[in-house]
Structures are given as C-alpha cells and as structure tokens.
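One chain, chain A, links the two complexes that follow: it is found with chain B in the first and with chain C in the second.
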Partner chain A sequence: MGFLQKMSFPQLVKSVLALFFLVFLFFSGSQVVSEDEMVPIWNIRSLIQQIQVQGQKEAFLLEEISSGGYSWENPLVVLDPYGVSPLSALIFFSSEQPIRVSLQLPGKNGGQDVVFSSNAFSEEHLLPVFGLFPGETNHLLLQGISQSGEKWEKEIQIPTESLSGKLENLLLSVSQGDPSRIQEGFNFLFEDDPKVAFDENGEIRWVLALPTLQPVLYDTRNGKKWFCTGNYHFGDVIIWEVSLLGRISRVYYSPYGVHHDFAFLENGNLVLLGSENGPTIEDLVYEIDVDTGEIVFELDMKTVLDPAREAPGSFPRDWLHLNALEVVSGENSLILSARHQSALIKMGYPSGEIEWILGFPEGWDNSLASKLLTPTGDDFEWPFTQHSPQILPDWDRKPNTMDLMVFDNGYGRFHRHFDEREEKKLLENPWREYSRVVHYRVDEQERTVEQVWQFGKGDLELFSDSRGDGNVLENGNVLSAFNVSNRPYTGVFLEIAPESNEVVWQVEWGNDVYCIERLPLYGSFDAVFSLGDPVDNFIPEEVIGKYVQE
Partner chain B sequence: MFKSKAWGRTTCLLFLLVFLWGCGSEDAEKKEGISSFFWDVHIERWETTPLLKSTQSSVQYNGVVQTVQHEQTPSEGMVFLLLDLVVEKKQAGASVFSWGDVFVEDSEGHRFSRHPNDSFLDSSDRQRMKGTSLNFGKNEGFVCFEIPEGSAKGSLRLVVLLEQQEHSLEIK
Partner chain C sequence: MEAFFVFLFIFFPGVAASVYYLKIKKKTLASVEFPAFIVVFSFLIFLCNLAFQYFRGFSHQEVFNQGFFSIQYTGKYLFLSLIFSLLLPHVVCLLSYFDVSFDKFFSRFREARKSGPKK
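Entry: the complex of A and B
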C-alpha cells in the first residue's frame, strides 16, 4: 500500500471518486437505456417543453400586440410565432375604422395563389399566414375594405429561411398536364417527422418541426391536425392537436402507443390503434374520452378474430397488423384494415361483432368464414396486405351498398409465404407482384363485393410492398401514393382521372411515403383567430413529472 | 445494487459535483450584455470549432429508430465561432432586431456577419436561433460565424446596431 502514501490528498480524493464512478457504471449497466428507447423519451420531453415554451411566447406576443404601436401602415409581422412552423406567420394591426381584410400570396410557375379573407369588419386584425415559400422574400398583398366601400392595398414582405436537413432535396421530379384538371389544394403527407405539405409544383409550403410518429388525423371541421409523439407499438404516447401555425391546443396521453391510425368517433371521442407490451402487437383498439382524457374502452382483437390464421406477412407476434381504421357514419361500426390478414373488416363498435370480411377466403375458421363476402364480376381481385381504406360517398345511390377506395399493396398476391431472406428480393420482385388503387363496392344485404375501378395493375414499377394510399378528391380524381419497392426512399404521388386512368399530375419524392391528403391551407374557421386560449392538457401530472425530471 | 435509477443518478451527480467543486476555477462567470431602449443582448456561452458533428434520430413508420450522422466544416483556413445568445425585447413596440446589424469583430477590426445559412445547427445538439428578424419576446439559441483561424486566437467582440447606435461586447 506504499503507493497510497506517495499520493497527495487531492490525488487520493480523485482516485476514490473515480473508483466509485467506475463501480457505479458497472452496477448500473443493466439499466442502460438504448437509443431506440431514449428517442421516444426525448421526443415526449421536447413536446412537453414546447407546450411550456408556447405559453411563454404567447404571453410575450400578447404584450407586444397590446403596446398599441401597430397599424395598417406599420403592422406587426411575426414569422413562425411558436418556433415550430417556419413557413407560417402572424400579422397584427389596428385600424382607425372597422375594415375587412384579405391577403393574397401569389403562386409561382402557374401554381395556385394562397388567398384568405376575414369575414367580419373589425378594428383589430390578427391574420394567420400560411403557405410561405422557403428561402426567399415572400411578397404578400394585404387588402382592406371599409364598410363604406373604401379600399386600401399594400405589400408586406416576409423573408423565410431555406429548408435544411432532409427537407433540402426531397423533390425529384414533377410532371403535370392541364392544370385545370388538377384538384386545388396542398398535399399533406403522412410519414415520420417533420410533417410537411407541398404544392402542385412539389415545393414544400408547410413544415411542422416537432417530433411526431407517422399516424396523422386531419380534422376538416376546424383545420387542426392531430399527431402523436412517443412510442409506436406500445408504451407512453402523447396525442395532440395543433394548428398550422404550430399552436398546440389539446393533448392526451396513452400507455398503449399509437401505430398507424386514429380517428374521431361520432361521440367526439378518439378511437386509436395500439398495443400492449404482450405476446402480440398491433391488435388493440382503444378509445380516449376527449373531455376527461381517460381511456374508456379497450378491445383486444384476439377475442374477435383468429390469431392462428396465417396470411402474407403475418407472424405470431404481429398476426394482425391493424394499419387503418375508418368510422362508419351513422352506424356503430368501424372499417379496420388488417395488413397481416390481408383483410378489410367491418366490425360493430364497441360490440366487437364482425359484420363482414373482405379478404381472400383461405384459412378462416368456421365462425369467421361465414362473414366473408362473395366476389362478383369478371375482373375481381382480392386485396393483399392493403392500406388506407377510404369510405366513399354513396356512389350508386343504393343504401345497402358501401363504396371503398383501398390501396392494395399486392405483397403476397402470388407468393404467399415470405421469409426474411426473400424479403430482400422485393427490390427485384421476381414474383411480378403489383400494387393497385382499387374501388370496391360491398353489397351489405347480398353480402357480395365487386370491383368498380382499379389503377396500377401490371405496372411493376409502382409495386409497393408496404404503405400507400388512394383517395377520391372533390373533382372526382384519385390521389394516390406509391411507396415504390424497387427504388428505396422514393415515393410516387399520382393524381389519376378515373374515367380514362390518365395521370394528370405526378410528383416523385426522395423519401418513403405513406399517405397523402389534398387539403386547403385555409378554412372558414381561420377567420376567427385568437391568442392565449388555455391548452387542454390531459397528460397526468405523474407522466409530465416523469419526462420533465427524468 | 441500486433500488432505483433516480437513487443511482443522484449518487452519481453528487460525486460529480464534489469532483467539479474540487477542480473548478475560482472565477464565477459574469454575463455582461448590450442594452438599448428596446433590446437586451447577452452571450450565454461561446466556442470555436473546426468541425460540427452530430447525430439525429427519428422514429420511423414501423417504430424503428433511424439515426443520421451530420458533419459540417467551415471554409479552408476558417473556424466556426458559435455564440449562444439571448436576445430579449424588453420594451414592446415597433422595433426589429435584424441579423444584418450583427457582426463579430476581431482584434484588427475585421467584421464578420452571421453565417448566411447556419441551419446545420438545427441538426447539431444545439438549439439554433432563427435566422430571420426578431420582433418580440425572449429569443435564445446559437448563431454561427465563420472567422479566420488567426482571428479566433485574438480578442473578439460582438457588435450590434440597435436603434441606429452601435453597441459592442467582448466575447470572453
């Protein structure tokens, strides 16, 4: 022990501390959390912090507005007031007399203008600005009209920063025919973060710089978007409502994760797809009461379907892989898309009673086989590993039929049993699988299904083994997203005129894609805009404490 | 060994604090600032570096975490000067804080503007101050300047033009 005697006291203290530290590291090794586990924790923490930051920023903004220094001649223009929506802004000013205000941001290269009008005469004007172009000075035209018809007009310049990171070079190509045949609106994407919307020229016009999971809910009633942050399959997840400006307004918590999809029930509650951390995943449907934040209903799909049935892509833990849900209006039922059963299922909710199954007929047990729909018509093909069903309006004016648009991935159409090695062959697609957007019509009385329309059959370049979308737009065209398998990190968006199957618009994108929605940037709800409303935060205190202090 | 992660972390933190207390410098950091009628500006901390490295992670569609590495280097013979700034509007009213009026000045009087696109800071572990004008509230974050290696070895000042008057602050 002679070396100890040779050490000075500070050296001794440091050595002892270093020894303790090493012992601590050794014994805490079993508690080391991997990065995969840490990312949801960091993301939940940053979301909770953003809610706090939002409150501070709003308080400052209200103070600035109340200074009385902003007028038509000298308006307050705040780019990205909450620090998360860099292509949005807020304009405030007072006018000497009540005026009605509108703004216009001209499009580029023949693209649509962004136009917004307040619907009332007022002396105080708070205007959200959406759809700014990145990396340039935007020239916004502001117009005012008094009750006597007197008009004013001025230009407001709003410089924005260039997009960075993975958003820099996403656009690969755009081709379009006659612009008059394209449905107006902006293309909001489902994928991981950041969430974006792009215009008809493929230019990004909205970004939300907050960590999100893939599932998205667009509330067309108020223009708000719903996202999830945290764990995907199971575990803590935060479900939150946000405006395009980046203001978070409602926040809920669940311990069941949210994978793939969620929706509003007709009672106003949220119904979500999640899992418990058990022997199976992606097979739980649950409901959150939006007034209390409590989980008020859970349905384990193992109790209503057969987890032993084998289908393309299924394996014991992920036997069902629920990837979409749609609420059937006027009925207590849901349409569920189960990728790993290659089936679309109409199920009573909350009863859990299976009403019908649209899926290939092999392997169902007797009780479920009786629920299978019978195909009619010559060209009929079953969907395989499908995504994104959309319930269409009453297409044929027959109350007993339901029309569905579905993205049929076709993974497993010809080659039913994949193992891990074979999945690598998807790039080459030796089985000549193809993906389609398909319009099915279900006759619920006759218990039959027919195929009304399809696009993509036989085009092997568009084969998308996972993900994809097809939506009918207001003008009758079909907007689709193909997550093409033979070119990794490439998505193809097509707008198709269904009467001729002509592609009227096409964008190629340098990232994986899941779903796409064509939506306006503004709605009538934006005409009444306020600041400082409290956030309906239903995250339990102990959960907030866990993430903010941990 | 430890009943909870919190206990273990507290112990670890305690040891580290003792260690830092024993080894720390005697000089407590004082934050000087620039002040005008509308604005207060001060430097929280600063650093120079020849390379910015970072890792960004996000949760993918299937729940898998994807990690992307980023690296950013300055031009030949230059280094990055990173300033963690607080820019606070202390008086509401029509005054704008413009980055065109902010410079770093070296000991020979050469002035350098903020990097024209330091958005790469977003992907580093630092919170970046947005690059467009500020007109309300308390704004915090890093900004980046590219300065010659030689300048970085001498004294540096932050120069800000506020309400038509030049203010400066030693970067130390």
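Entry: the complex of A and C
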C-alpha cells in the first residue's frame, strides 16, 4: 500500500491511537462538571455541615454554662461562638439577684456607639455582642441594674483578630458632611463574598463567613436575616434564617434556585424568584409553605408575558431576568422587576393577572400594551434594565397612588439592541449612559406614572450597567449603591438628601456591589437569644444525603 | 505581563507541538515551516480547548467571563494544551498522508521560492 510505504508502521499505530484518544477525550462519558457547577455543591455541603457543627458547639456551650462557675465577676466570654462571625461574641453569667443588663461599645472617630439593653430582669444572662472592632482589644462596658435600682458597672475586654484577605482592602475612601444628617445604623452589604456590615467611617463591624448567593439577604421587620445558598438557576438551593451571631434557625429547600430575591407573603409563606428546568431561566415565581417546606405554587412567567419581546439585554434563554420582587401590602399582588424587559410589573398573585406595566412602550403585544402606564409630567424617563424596586409608604396620602423607588441602571437607554460584542465599547460609555435612583408615582386609577425625584442623571462616572440599589431611610434620605462600570470591582455608596440632592455621606468600596441596607446591629430577633433550640430544618433527608456523606 | 500570559496560553503549546511534530517527521528546527507550524498548532490547540469545553462542560462559562485568567482556569487550559500538543502532531501526521497535507501545502511555497519571483 502506498499509504504504508510513506509512513512507518509504528508511526501509523501511534497516529491512529492519537486520533482515537482525541475522539475519546471529546465524546466519552459524562460531562465534566465545571467549577461554576461545583461551587453550589461545595457551598450547600458546607452549609449543611455548619448546621450539624452548630448543634455540637451549642451542646458544648450548654455544658460549660451548666458548670455554674460564671458570675458577674467572672463572666464567660466566647468570641465567635459558631465560628462564622468573627466580630461577634457571646457573654454568659449568673447573678445572685434578678438584674437587667445593658452593654455599650463606644464608637471611634465620632462614630456611633453600639448599645444594647435587655428588657427583663433575670438571674441568668446570655448576651450577644455585635459590632466589635477588628484587630484590637475592644473595651465593652457592661452595666447591671437591680429591681431596687442598685447599679453595677464593669469593663470586659474582648480582643479580636485583624481582618485578612479580601476584607482588608474593601474601603477605598469615605467622606461625610454633617453627621447629624446621616441616618443612624450600620451598612449591610448583600454580596456573596464577603457579607459585611460597616459603620459610617467605613470600618467593618460584622462579617458572616458562610457561603451565600447574592444578594438575597432579606431583613424582615423583626430583624430576621435570611440568605440563600446554592444555585441561581434551576438546581438545589437552601434558604435559611440566621442571626448576626451566625446561628441558623430555619432552613428550607427548593430545586428551582433563587435569582436574587424573595419575600414573605402576608400568609407567612415565602415567595421566590427562580428558574424551571427548561429552555429559559429566571422567569419562575414560586411559593414555599413555611410550615411544611413544600412548594405549593409555581407560576411560569412565559404564560403571562410575551417571551418574544425584545428589550436591552434580552435573549431567548434569559428573556425576562426577574431580579426583584416586592409584596404589595393589603393586596394579593406583587411588584416584579424584569431587567431584560426593562419593566416593573404589578401582577396579581397567585392569579398571574397583569395589573400594570411600567416600562418603555415598544414591542408589547396587544393584550399587554393595554396594561402600560402612560407617563405624565416633565422630565419623565423610563427605567432601563433596573434593579431593587422598593414600595414607599403612602407619600402623597392618596390611596390610589403607589410610590416606588427604583435603581434605573440605564443600560440600553440609548441602544435598545445590545450585543455582547459591544461590551468593551460599553465600558467606555460612548452612548453617555447614566444610572439613576428614581422615585416614580403610579396612579393606579388613572393608569399614569410620573417621576417625582431622581438622582444620578448625567453623571457618567456613576453609570452602573448591572446591579444597584436605592432605599429611602427613616430620616427621608436615600441610600444608594452604584456598581460603577468604568472602574472594575468598585462600588459607590451614597446617602443623598433628596430635597437638595446633596450627598451627605459617600463611600468608595473596592468590590462589586449590589444592595445596601442601613440597619441596626441589634434587631429584636438578634437580641433575644437562647442556646440549644432545635433548627427548623425542612431540607429533605435525600437532599442532605446527596451532599453530606455519613 | 498580559502579553506573557497570551504567549503562555496560545503560543507556548503551539511551539511545543511544532517541535514534537518536526521530531516525528525527523526534520530539524531550522526547517522553514517551523514558524508556520507554530501558528497552525497554536490555532488547532486553542480550537480543541474551546471544543473540549463545549462538549465536556469543562469551565465553559469561564471562557466568556472575567475568570478567564483565573489560576484554576490557566492550570486547566495548560494541562489540556499539553495533552493536545502531544496528540495533535500524531493526528496531523496521519492527515499529512491525505490530500490535506501540510507538507504538500508548504512544499508549494518552497518550490515557489526556488523558482524565484513570477515574471
């Protein structure tokens, strides 16, 4: 054979074997699990293990406490009792008579003090301590008062380790004007890595070292913190309640993932955003019964909206990109933020009936076009690829209006058909795009929308093509998070006085940012504390078995 | 630094594969085709890496994300490139006896150079 004459037989064998091996490499066996797919598996496993470890740690602590050797003079101080919150501690002691205890950790550089008082007189005292400064000995002032008014006071020293790794260099700069104009509280960031709270001076005062999705920290009115761990899209996800001390108290499971948000319905159940195992993602609304942990309702948004409508960022697989929801109090309805339709949608729940759509009017089919709100007033602009809507209290005292604060990313405002290849151009911002925090007022009777207030228009430095937040604080200021696009891994937090649009507090942060909340360190949930309570764990046994080998 | 990484990523496996190919073909590195082989093998190895990720789900998302130059990804890419730089020269060797021969293709250039510029 001419073929063999040209090539030696050993070389022919090698070449054929190489070809077979190459084909084998490509097509044999199952898919190699990518790192992106492994991360949720590792994270769920470590969360389930943490729940088990938590039980062991509490058993050890209870045994130590029952030894009876801890008094006002000699309290038990445990830094980071669950091993996940290094700037928190737990104090235990018994007193000879019932006393009420308070503790105070003075702030630094004019910063706020951390103050906590127990409500009741007791002979046994279990006090969580939050907001310790990292890398120093914290001088905590402990005060006791008896029923007869007798007072005691003592100092407890709690040394902490310095923050390391990514946490070291998060604060780039902080500037503030008149401190009296800044809303009190600590700034909680809802990132997957890291989860921190920092004070007005930018100093980190709380860290939670447990793996989570971003942002999905949900703070309920009683201060309960909720996170999710696992998959954003279709796949296992664990939804869990935790105290700032790191004690996990309730756990739920879903196979539908959680994409960025969930809320509590008025019936107490959880309503979440996720994805079905199908050709599209981030277009599922589902409900978990909090008493049984079962999924009791699913609504595929393809059945109520038009997946064919084109809008900035949309593509067939991710046509909707639900990224936030709000429960409308007193009504059976939700406000949904659909980034890839650039629309805020009020939808009856569980009916799925669309009540109105706040979004640019092009491209909607006839049935949905009739639901569009008509803009009124001057200077109105539609939101584009928005995030983080917040329903505001009744601003104008008119029952037929709804006030909404929205982070309008503005991505696609001037180029509606975005192409991935234009990513680089976008970073240079040739369209002079800008992001805004906007206050819209929807008149539900007249079916109109007006723009009441905005901040950020025209400021190209603050343009954030994805993610961002804007919340109205108790003092009326607006706290916002800009995930700025033209500086990678940088975020800007601003507290704005809306009457003058003056920035009263500004922090530049060396990480991507999404949501920010100004919260007290001691919510009522975190303040009341007991050891050894069982965890309400609704993860099915087979799911636990899948992740944790006995 | 970035240029070094690009070289490491794209051309280094191509250089290794070309050296190996010339060794199989019992030719010296001074061969005029050597630079051309580097380009061809670099391209083929890069293509195989992308195809591998597509078919096997191996870090497929990272290619298009910021994590492209993560340490894990670099390690995986170079490991795969090493395998491809050992396999591909043999496969090309086999192909070279069909009409898609590189040698044949490059021999046209050699003959053209020998015969001088066209008049």
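By definition in this document, the second predicted complex is superposed on the first by the 507 of 550 C-alpha atoms of A that agree within 3 Å, B and C clash if a C-alpha of one lies under 4 Å from a C-alpha of the other, contacts with A are read in each partner's own complex, and residues count from 1 in each chain.
Just so it is clear, a residue touches a chain if its C-beta (ideal position, glycine included) is under 8 Å from a C-beta of that chain, and two chains touch if they have at least 3 such contacts.
All values derive from a computational prediction rather than experimental measurement.
By the touch criterion stated above, A:T160 is placed in contact with chain B alone, chain C being left untouched. Chain A is touched at more residues by one of its partners, and among chain B and chain C that partner is B. Once chain A of one complex is fitted onto chain A of the other, the partner contacts of A:H259 are limited to chain B, with no touch recorded for chain C. Residue contacts after overlaying the shared chain place A:D289 against neither chain B nor chain C.
Contact with chain B, but none with chain C, is seen for A:D512 once the two complexes are overlaid on the shared chain.
Residue overlap on chain A between the chain B contacts of one complex and the chain C contacts of the other covers 14, 17, 21, 27, 31, 35-36.
In the complex of the two chains, the chain C residues touching chain A come out as 24, 48, 51-52, 55-62, 66, 72-73, 83-84, 86-88, 90-91, 93-94, 97.
Chain A meets chain C in the complex at residues 3, 6-7, 11-12, 14-19, 21-22, 25-27, 31-37, 488.
Contact residues of chain A toward chain B in the complex are 10, 13-14, 17, 20-21, 24, 27-28, 31, 35-36, 39-40, 43, 56-57, 60-61, 63-64, 66-67, 69-70, 74, 76-80, 83, 86, 159-166, 191-193, 211, 213-214, 231-233, 259, 466-467, 512, 514. On the side of chain B, the complex with chain A involves touching residues 1-2, 5, 8, 11-12, 15-16, 18-19, 22, 56-68, 70, 89, 92-94, 117, 119-120, 122-123, 130-133, 135-138.
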